[in-house]
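In what follows, subunit A forms one complex with subunit B and a second complex with subunit C.
Moving on, here comes the complex of A and B:
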């Protein structure tokens, strides 16, 4: 009962916590003492009281019916969404036709030459190898479908992002309005964006492209604004002192000075667009993601891997090439680009003349069967009964029964008001009363939406996965921070893992652990781990060397150093790592609905698959709320104020 | 505190380039009321802050910058000198007072006119250079001309000339990041010179540089001034730099000008305890001239031994007097103005020379 909060202040030695924290706790305890008996008397129930839910199924179903019925007649659709939708379809199709028209040789040559101009010979070779591998795996056409969708989505995202970023970077007021919106969009799981666009556009390419734009434009906008605001004040002053007009300042100074951020924004937008373009297969985008989706649906790991490898290759190549464009010096003259273009045209024409536009069937390598044989072998030999260590399926089973189930039962067993109380306490202790209020309202909204039980199920998976992520992540990070060798070994691994789209992580975990909640959690751990390790390592390494040196000179052991100097000084980084870990884990746990994760993620997929948009939308909204709660509960105040400055 | 700006008003034939009168810059909420209110404007900084939340960076400052002179504004950090120089071209909008350039009211200018002023009449050199990192040296120097709308070939030719003038030939195609601090500041100087401004404004241009480079750059400025005779307003916190470069120095403290005069006047007759404390360690023999040290009166001899110019510094006179072992004459246009001997010269070095003995010093002759 109220012990959760009442006992906390007593248990804490007063000297340990700052006075303010105790103050907050007392206030919350006081509020709880008044509100809890009231709430308990009125709506005494363990789960969220039915009296406090609002059933949105009917209005949502009728809204979606109305949209479906009016899609072809209502002026809003005819003259706005219709045009948007047509424009998207036409442009994606046009890009697709051009890519196919250039033939596999032309596209490969174009990719390689662009990589050569931007990033040098090594990446050009890597790009060639990646494209050829896509062909070899028999995935040329899906790769081109994904690329066509990406090209359109990235262009649109960049335009939208730059415009928003310019507005926020140049006007203080716009910045104030846009910043919290973009901040929040950044922490939303990709999954949550799918349903609203489906509601308006229906399943298909337009919805996929628009969901991608909505997901991928925020980083461009944020980084554009950041670059514009971060410009060297004295350079701007010097430029102004020479009598520039506002436009000249923007074009000759502010935008060039923000080049690094703009390129980083482009890089992030491309990576997020790829990630989303793959996930959008759930709402009818053809391409690589669709192949993975279909294969996972029938637990055909071999086929999923054949489509998954091109995704990973595409991700790595795109990331490296755009990343190199960011740090490299500017283009070394136009002649090189002209050669590159000419080379592409020559190769494309040659391919056409030779009648070799499509990837030759004879050159494909069927990896699905051998992989599936290997998986079968694994199922037979590694799943269970391996002496001493047990099998992978056993691990998954143990994890489910010993960790996931108790956490879920515990969470669902908690009285609903105590969950709110815990959320409020955590959010207030770590942030301001405003973050606490947002968190509590978001949590309550989940209850009101009537998805309290599945949401707590999702939450239990998130908590378990976050705990595993943090233990593994902090341990790895401490090792990497203490030894250069470990860090050198780790860096390329982290680089690759961080560029991969969320979807891809499902393939190996299904192979290893089958389907269910444990593999979903495992995929989430793998996805979130690199970010946690990286942020923590950086935080530990950036600890003031003078402080480290002075503690060493006092004769501290390395354990004392870690505990008394490094960890306390790296606290902001650790908190950020927790925050990122939670946000990333949630993003994958809900996708885990595809491989038997159940709960909110499954409701969303189910809603999409059955055309039952009401269920899906409610689940999507609950995911958004859960994302808000988790972000606010783990978001230290410093980060907010730091950004506001 | 009393305003002790020793405003001298010498009869000059030229109109001043910059004429600043009663200038205020107050930061904070409702800043306008501070200069208007006699009571508020008399408060010292801490009280003003407590009462209104405002900070007065520049308080009732008046001075004229004459054509062709190097006018130094000197003060410690926080004294308001950088704000003051930014007010001259309204990079920071002044709160009250008047600023005239060639008799034209700067504060009344509209946007287009103000741009015209910044483009052609006053160019500024910044402490941290303010170069555009993505442009080459040549394009940085040509930048001012580019925004005036000059064609590419023409502005590059002009810029190349200026690059040569500041001693950077051969580095035209480098990026600022490939240059040393001193070289970067030469680019900053070249960029300002390229637009051929009437006045050059320097905001602590050399304080980010190493001492040796700083001396080189100071000599560069002295050379440029000698060659071109351009009017300069120079902000610095370095007293020796101020004494070395300045024809006249305005010494600022807490936003006010506490003394305005030639280096010799500031060192020789400090206006108050603050200034005296400030100039205490200055090697006086390098600042004071023999005009001020001499015993006035004709030596009544035909030979004028020593033959020192009145603007020669005492250190030079010591060499002459110590070498010959007897007093030396101060000669101007073949006429003997006075005599300096051991006693007079030592008095200057020790700081015990008679005050008022040379109080009637006329201002230094203006550079042509």
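Moving on, here comes the complex of A and C:
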């Protein structure tokens, strides 16, 4: 199979492309005709054959016992992990003490002045408002804890990311090795590696910081490599002709040329670190995430929101400031920075002298109560018995009975080999034989791990949630692409949904849809929708205005215009939106486990809660495999060609 | 990852000389800020545990001058965190024989801190309004009769038995199977989800069957009646797969980190003496969960009204 497609030239006219698809189908049909009867005769069973599974319970349990028993005596822990953990504790502690020492006024001044230097007066005001809001919500200390953790985690991620990125950007061999690793990490849900990290480092901040680094470093690495590889060849040659050494070239030309990518990488890393800092509250990260998590225990949406808003504000401020730094619009004068630093010191000292280091208790605003009342009112009125349309509980019931159940039964009813065949076909049609092979192997790995049935259950939920997300997302995006006003109104809403910790909306979601797979799907839709809307809107807006104009002059109605011009021309963006939707929905499968989604999500939560490595790690690995399958099946070739081989 | 770790190790070796870095000796980086004496308490996800911690925290802060940090950790990982000194004390443990063996008896990194004074009980419950209409539902033998009334979209044609957080001790799947009940165990996945669902059912006066535990503040909001399972006898839960009996009544226990117990000074002595009743705990829980007071306000209210109780803990 391999030789046939690998030798096909890349740029083919459409006629030939169709031909190629037919070829691929024929080949798959041929392979299936040979392999399926064999497989069926050997292991005739609907679900994954038991003979082909490997039970990892024993080795994983003994590994976990070994780690716990040797954690405070074995040299590996004493002289390696112990120091790593120590370094994290010391650095987080140092940053935290500095932040507390600067007092709320000092920290706010620092934030505002940095924003002013980097991005101008408007963002400086926004930053000030954001910090003051954190204090006003009574969340100053948790905000500082999260910030301390973030500073350390982001710095570490940047160092790791840049080093990996340099390696990949400068050496083709390293690039080839690192690429699949980074690709896999991209689809890996954050929860999947909490458990191993916790096992080695124990609950608490070191584990949280390290999990965050693992989560947040890959985008930095990717973008660094991209920036280095994308440097203008002519400039590099010119620099080389000046007789510079390789190191000088790197420092004076290649890295400065990659500035834009590096800043984008920093931006991505910060955003991912922030979202992970919240998830890591499950393993004892303290700070804002922990407040949200504690509020969840007393079913207190208001309190969860009070801790969630500072997270959203931090995210928006950090996003805009690093985004502006990437554009490099503002002045670079040293004097300005000196003023900024001096200003911070003055404010911090003034705060200290006035004895106002802690945020004054009297200045807090209690939003929990009104929020809870509003949520109660909403859920009481929408839950059931709404005339004509029925209540949300009825919808959830119908969705479960008429969509989730049939899809699940259908998937689980398929013979195991046919699932592999479908995956192979879809992945090959959209990608290359390599991507198809990855997808099939990942799917098979799920079976080998012995979680075939729950994985298909999770898959059915993901498919249903993605379908809903796409319908809602495309509809919203079409509206946003047509009207600037709608887009402007949507922007803050999307910002909030994208950055709000998912723990905050777990309770409203259950209150509306009851416990089960329907609320899990709802939570996933809320999480994945912003990205889908953004990508689609952008794609639709970038459609060549000339094409739109000419179709209008031909008398097309706006519906025809949309269907026959905009959507086809925006196809790459739409495909990307589908891909992102799938990946994001899968990323919150574990959150779904917290509201009754069951299957792999629940198993992961169970593993974490019970310290049961065998259940948790296997479920986490299966989610990763599922992610690989779905990513390969939805990611078109164009983005991958020229990458490997 | 590795590069950074090596760099970190290198830097630290320079800083600290070449010693072993024992992770069990590392406290939370947020502890001891600004030189205050500080204690870190583990809060489990249920409100009763929050109530214990809120009152202990209030007294430690206002009467003994400590700074208290709280971290929310699930039950089993909390033992691990306690062993490592990431938290100093667990105030309410529902019985984890395996962990007790490992950390208290074998490794001796955790010390028993005495009873909390509250007795915990897990069981199956139906709302009292339903039990009043159908008094015989409170015996497990009659549960099959009501399976059709307790159906939901998730339970696939059978009755629904709702279980909660994955961190809780449960034998329900085995019980349903061994008692031949026509029920499907549906895992709500978190206590928050379970409580929200129960409240929604209660609002509509719908029947439901749920795994639940006492003491729990929700009983005051949604009165529930226990369904009698075959009685608990010592050792009847030895084989979890073959279990056919109810859950035991467990006197809840406190545990302290061994180093903290030895050198924790007044705070450790106070936490060892901390002991109150189910009613006390429920009173505080209800203020937190139902009246939506902050844990601190709730603790203050309780402390103001029960001076004689807590005075004994400080002596």
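In this section, the second predicted complex is superposed on the first by the 537 of 645 C-alpha atoms of A that agree within 3 Å, B and C clash if a C-alpha of one lies under 4 Å from a C-alpha of the other, contacts with A are read in each partner's own complex, and residues count from 1 in each chain.
Just so we're on the same page, a contact is a pair of C-beta atoms (placed from the backbone, for glycine too) under 8 Å apart; a residue touches a chain by one contact, two chains touch by 3 or more.
These numbers come from a predicted model, not from an experiment.
*Asks:* Aligned on subunit A, subunit B and subunit C: do they clash or fit?
*Replies:* fit
*Asks:* Would you check which partner chain A:240 touches, where first means subunit B only, second means subunit C only, and both and neither mean what they say?
*Replies:* First partner only, subunit B.
*Asks:* Which of the two partners, first being subunit B and second being subunit C, lies in contact with A:257: first, second, both, or neither?
*Replies:* It touches subunit B, and subunit C stays clear.
*Asks:* Return the chain, subunit B or subunit C, that is in touch with more residues of subunit A.
*Replies:* Counting residues of subunit A touched by each partner, the higher count goes to C.
*Asks:* For A:83 in the superposed arrangement: first (subunit B), second (subunit C), both or neither?
*Replies:* After superposition on chain A, A:83 lies in contact with subunit C alone.
*Asks:* Just to be sure I read the superposition right, which of the two partners does A:248 touch: subunit B = first, subunit C = second, or both, or neither?
*Replies:* A:248 sits against subunit B, while subunit C stays out of touch.
*Asks:* Classify the contacts of A:100 with the two partner chains as first (subunit B alone), second (subunit C alone), both, or neither.
*Replies:* It touches subunit C, and subunit B stays clear.
*Asks:* May I ask you to decide whether A:148 touches subunit B, subunit C, both, or neither, giving the answer as first, second, both or neither?
*Replies:* second
*Asks:* Touch test for A:627: subunit B only (first), subunit C only (second), both, or neither?
*Replies:* It touches nothing on subunit B or subunit C.
*Asks:* With both complexes overlaid on chain A, what's the closest CA-to-CA approach of subunit B to subunit C, in Å?
*Replies:* For subunit B and subunit C in the superposition, the minimum C-alpha gap reads 30 Å.
*Asks:* Just which bits of subunit A does subunit B share with subunit C as contact spots?
*Replies:* Dual-contact residues (subunit A): none.
*Asks:* In their shared complex, at which residues does subunit A touch subunit C?
*Replies:* Where subunit A meets subunit C, its residues are 68-69, 71-72, 75, 77-90, 92-93, 96-97, 100, 145, 148, 156, 159-160, 163, 198, 201-206, 213-214, 217, 281-284, 286, 290, 293-294, 296-300, 302-303, 368-369, 372, 379-380, 383-384, 393, 396-397, 400-401, 405, 506-507, 510-511, 514-519, 592-598, 601-602, 605-606, 608-611.
*Asks:* Could you list, by residue number, the parts of subunit B that touch subunit A in their complex?
*Replies:* These residues of subunit B touch subunit A: 86, 89, 91, 114-120, 123-124, 126-134, 143-144, 146-148, 188, 191, 195, 201.
*Asks:* In the complex of these two chains, what residues of subunit C are touching subunit A?
*Replies:* So the residues of subunit C in touch with subunit A come to 1, 3-5, 7-9, 11-13, 16, 20-24, 26-30, 33-34, 43, 45-47, 50, 69-78, 80-81, 83-84, 86-87, 102, 107, 109, 152-154, 156, 162, 165-167, 186-197, 199-200, 203-204, 288-289, 292, 294.
*Asks:* Under the definition above, what is the set of subunit A residues touching subunit B in their complex?
*Replies:* Residues 232, 234-235, 237-245, 248, 252-253, 256-257, 259, 330 of subunit A touch subunit B in their complex.
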